[in-house]
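First subunit A sits with subunit B, and in the next complex the same chain sits with subunit C.
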Partner chain A sequence: MNNEQIFEKVNGVFRTTFKDDTILVTRETTAKDIAGWDSITHLDIITGMEEAFQVEITGFEVMNLNNVGDLLDLLAQKMSE
Partner chain B sequence: MQAILKDIYQTVIHSPHRTALIIASEEWSYSQLWSYAESYAQMLHDRSFAPGKIGIYTDNTKEMYAAILATWLAGRSFIPLNHKFPKERLKAIIRDSEVVSIFCLASSGDSCIELLPQEALISYNAVSVLPNNRLSATESSDDLAYTLFTSGSTGIPKGIPIGHHHLQALLEDMKERYPLGENDKVLQAFELSFDVSIACIFTAWVQGATLVVPDLNGITAINAFKAIYDHQVNFVTLPPSALFYLRRLKMLAMPLPWVTKTIFTGEALPYNVAEEWKTCAVNSTIDNAYGPTEGTVWSLIYALDELTEQQTINGLCPIGRPTKYIQMRIVNDSGEDVSHNERGELWIGGPQIFHGYVNQPEKSKEVVFQDSQGTYWYKTGDIVVKNQFDQVVYVNRKDNQVQINGFRVELGEVEHHLRGIIKSDAAVVLAHENKGVLELFAFVQGSWDEQTLLNEMRLKVPGYMVPRSIFALDELPVNTSGKVDKTLLRSKYLHHE
Partner chain C sequence: MVFQSWYYFLFLLGLTGAQFFLLPTQRWLLLLLGSFFFYSLTGWQPTVLLLFTIIITFGSALWLGNEKNQGRRYKILLLSVTAQILLLSAFKYLGFFNDLVSGISHWMQSPSWVQLPLLMLPLGISFYTFQSMGYVFDVYYNIRKPERHFGHYALFVSFFPQIQSGPIGRSKEMLPQWKSITLPQWEMIRMALLLFLWGVLKKFVIADRLGIYVDEVYDSPQQFSGAVWTLILFLYTIQLYADFSAYSDMAIASAQVLGIRIPENFLFPYKANNITDFWRRWHLSLSGWLRDYIYTPLLFAKKKWKKWAVVYAIAVTFIICGIWHGPKMTFVLFGIVQAILLIFEMQTKEWRARLSNQLPSWMYQSLSVAITFVAISLCFILFRAEGLQQVKEIFIQLSKWEYSSVIDYVREKNGSIIIGLLFFLGLFLFYDEKISSVIRNQKENPKKLGLYLSFMVVVILIGMVIGKEQFIYFQF
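Let's look at the complex of A and B:
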């Protein structure tokens, strides 16, 4: 899976979570940028990523995610392992 | 100077280099905190705003914490303006409560300019901070410390004004119950618009302890855990639902032996949650703190012990006994005291009780009254029972109010906004436990697009009040009484969520 495909899949998870087909995240997107991004939706995003990419994300990894870019890097790293 | 400021000032004078505040990797000493607060207060003086309250845009920065003190040093009171709330809600709060100025970061200026004109904004970045300014604090003509807004069933948020004497009464109990000092680190993991934050901030600062603030974006519970771990925080306050996230992300296996006190608050505390926390915070005692904002953060507190398990009702821990200055009655529908073991509504009275909602005299009259001694009482709407150990146990609500992630939500307010969007009364909102967390689900009649309705709701209410899902049905089912059949809706649509 190339970076573009990962990015598209990540956007898909966001759109499903927020039930909004117009969402388009970037590497710089943070929780401040999307209305309704709270603890519950954040957990949905993490779970959604785990299912979509068939990986397991630990709490400590979640703690170090500051924006979507960090998430993309984490997913890319996990898929290469 | 108000007593709370005087207490903090003692540490500023005697231990100026002691750490007052840690946010992310940045620290401020008491001296720095005070210098910034004085400089911001000076700015308030210099700008000569008309009488009125000062809004604090919740950037959750060090400067925001200094601004709280600044408003009091300048003889004003503050209103938290939560940056996560929709603009329309913030505008309604500002209109309702005579906010004349807003403290904010320069980067938040674009958002705040929609709330008040540019000349009414105070950017932290524009203030020159002078050390040892030693401003003489202005004596306020009134006692007001802050005003918080909470969900209102009619669709209008209710403003709850809290005075310095209310907060002082709470803090006297806190100081006796939780003595803290130089070596104590206190977690503050709540939005400023949620009054538990006030208890955390000032319980720490009036005793010279260090306040540790995690990032409040993303999963707050995870960020709070990281702050506890990274800074070895020993005094922790969390909503019970935080453990849902920590469990789900497998974090409770990490030991936190330095935690010595945990307060669970904001939601009913299931006994198994407290037990689970003990596996992680092995050296911590646990309290369950209860209180409506109208009674100044906490009114009853229960310390868990070996008898707790046999005292639960529906698996929930007791809420305990009144704090130092709270009086309590448990009454029936006629306002008469019930007998032991009988359920009734909890009324709380004393110097922590507010005197009425902002601009809502009728609503205030329904829930607040003064007795013949002049003591203020608040009818909480919470149904409780006193058990054989003389401990109060929460049973349920009298009305349609629920706690979502610690926030008070009137289902009626969510319905009010939804009905406004669909321009019809055919909407109902239910609270339903989904994967261990209470969430809202809505049902509307008609061929509505869920995404459109959710987007509209996000513009009107804070995120925690936006339903998880909105089901559009051809017709809302009704029961034999002609009312919407909520039981049927639950079993048919929410069972598998």
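Let's look at the complex of A and C:
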């Protein structure tokens, strides 16, 4: 899976979570940029990513995520393992 | 040494002046000496305890930094956090343990089998314990590298504007500031002065004045009707905010004249339109700490439980929040009630969204703000009451409504003073955001600022004539 495909899949999870087809996240996107991104939707995003990419993300790893870029790097690393 | 005293003002002035004679890289040392001098005024025993906490957390963070094995790192974290909790408990929660033992013994109709001796509560212990514990968590989660400069770290934990009642600082924002301290420009000093005076005004003129009425009613709850109690509940809600935000403003202003930025603690909490929103605006440094170090790890540790993970994380976090405030069942209950309200809001999110579409926007918004304010005022009974028995008494009184009694009460308390007070309350509640932006805006017209400054000094002087009280949050 190349970066573009990963990005498209990540955007898909965001659109499903927020029920908004117009959402387009970038590497720099943070919780402050999307209305309604609270801890509950954060949980839905992480579990959504786990299902979409068939990986397991630990609580420890979640604590280190500062933006979507960090999430993309983590997913890429998980898939290469 | 309290903020609202001449000794403190002279101490701050002395430190600011002395900073000019030092290089930016040397100023941390003066602040450290000043902070330890400030804290040592509370006694040598609390100072030794503070130093002990600094050594434990500094050492455990270095140990964490050198350890690569994740299992061993977790054990180090557990050891460090346990040591800090035990230390905090020894000073803060022995009374709670004794009460619990007495309660069980009373229930079993047997004599109390153990009573532990009580220790004096060191000033600010709950605040600096959380601040240093947060730093250890940051190192554990690789959010930052361990600090290798012991002096910088000791200053991070002991910095005098924060140590008594926060705001609880974060290592990522605070520690880098000690390396090179740039003294503030005149505009910043002027702004800090205004913020400090605004704090003094809120404390003397609003909080302490309201405290007189609130204390009288809480001292003899059964003498007042439900109508008077309702008035007092609202007054206490305003008193608590005025008191604690006054302290926070003075702390932020004190740090600012020394060239240091510390986090804000409030975001106009009584404009919140639900309890979830309230906790995003109230005591931000504590709620942020609880969110990052308790709620989020618990939530993701149990993420497979889906919605139940949120319920579990909210419940545990807010029970801890309650216990943090003090060794009383009322605080534990305060935490439980907050958790119930937050879970209720989570469950009714979609229903409330539908309702908001059916009502005019202004009506839904005003109703939400009013309901939230009433709910918070009721919850604060648990914050202010002496014990569960008093909470029960207050609710019994609240059920006995006599509308005329509140008019008699205002008459008896000299109506003109009440009206004067309400005028300032109105000013405070509805214009706080505006006042706050004027105070925090460096580019404000100097003449306008001079006018605000003179107005505040006059009001404070009037307020000081009537008397003063200690900050409410010092008990935590």
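By definition in this document, the second predicted complex is superposed on the first by the 81 of 81 C-alpha atoms of A that agree within 3 Å, B and C clash if a C-alpha of one lies under 4 Å from a C-alpha of the other, contacts with A are read in each partner's own complex, and residues count from 1 in each chain.
In this text, contacts are C-beta pairs under 8 Å (C-beta built on N, C-alpha and C of every residue); 3 or more make two chains touch, one makes a residue touch a chain.
Treat the numbers as computed from the prediction; the structure is a model and nothing was measured.
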Per the contact definition in the header, classify A:49: touching subunit B only (first), subunit C only (second), both, or neither.
neither
Of the two partners subunit B and subunit C, more of subunit A gets touched by chain B
Going by the contact rule set out at the top, does A:21 touch subunit B (first), subunit C (second), both, or neither?
first
Using the touch definition from the top, say if A:68 reaches subunit B (first), subunit C (second), both or neither.
neither
Based on the superposed arrangement, let me know which partner A:40 touches: subunit B (first), subunit C (second), both, or neither?
both
For A:32, decide between first (touching subunit B), second (touching subunit C), both and neither.
first
Have a look at where A:13 lands relative to subunit B and subunit C in the superposition and call it first, second, both or neither.
neither
Name the contact category of A:59: first (subunit B only), second (subunit C only), both, or neither.
both
Where subunit A meets both subunit C and subunit B, residue numbers
38-40, 43, 46, 58-60, 62-63
For the complex, which residues does subunit A have touching subunit C?
38-40, 43, 46-47, 58-60, 62-64
Going by the contact rule at the top, pick out the subunit C residues touching subunit A in the complex.
141-143, 276, 291-292, 295-297, 299-301, 303, 306, 309-310, 313, 346
The subunit A residues in contact with subunit B across the complex are 18-21, 30-32, 35-43, 46, 57-60, 62-63, 65
Subunit B - residues contacting subunit A, complex:
83-84, 86, 217-223, 225-226, 245-246, 248-251, 405, 437, 439, 450-451, 454-455, 458-459, 463-464, 466, 468-469
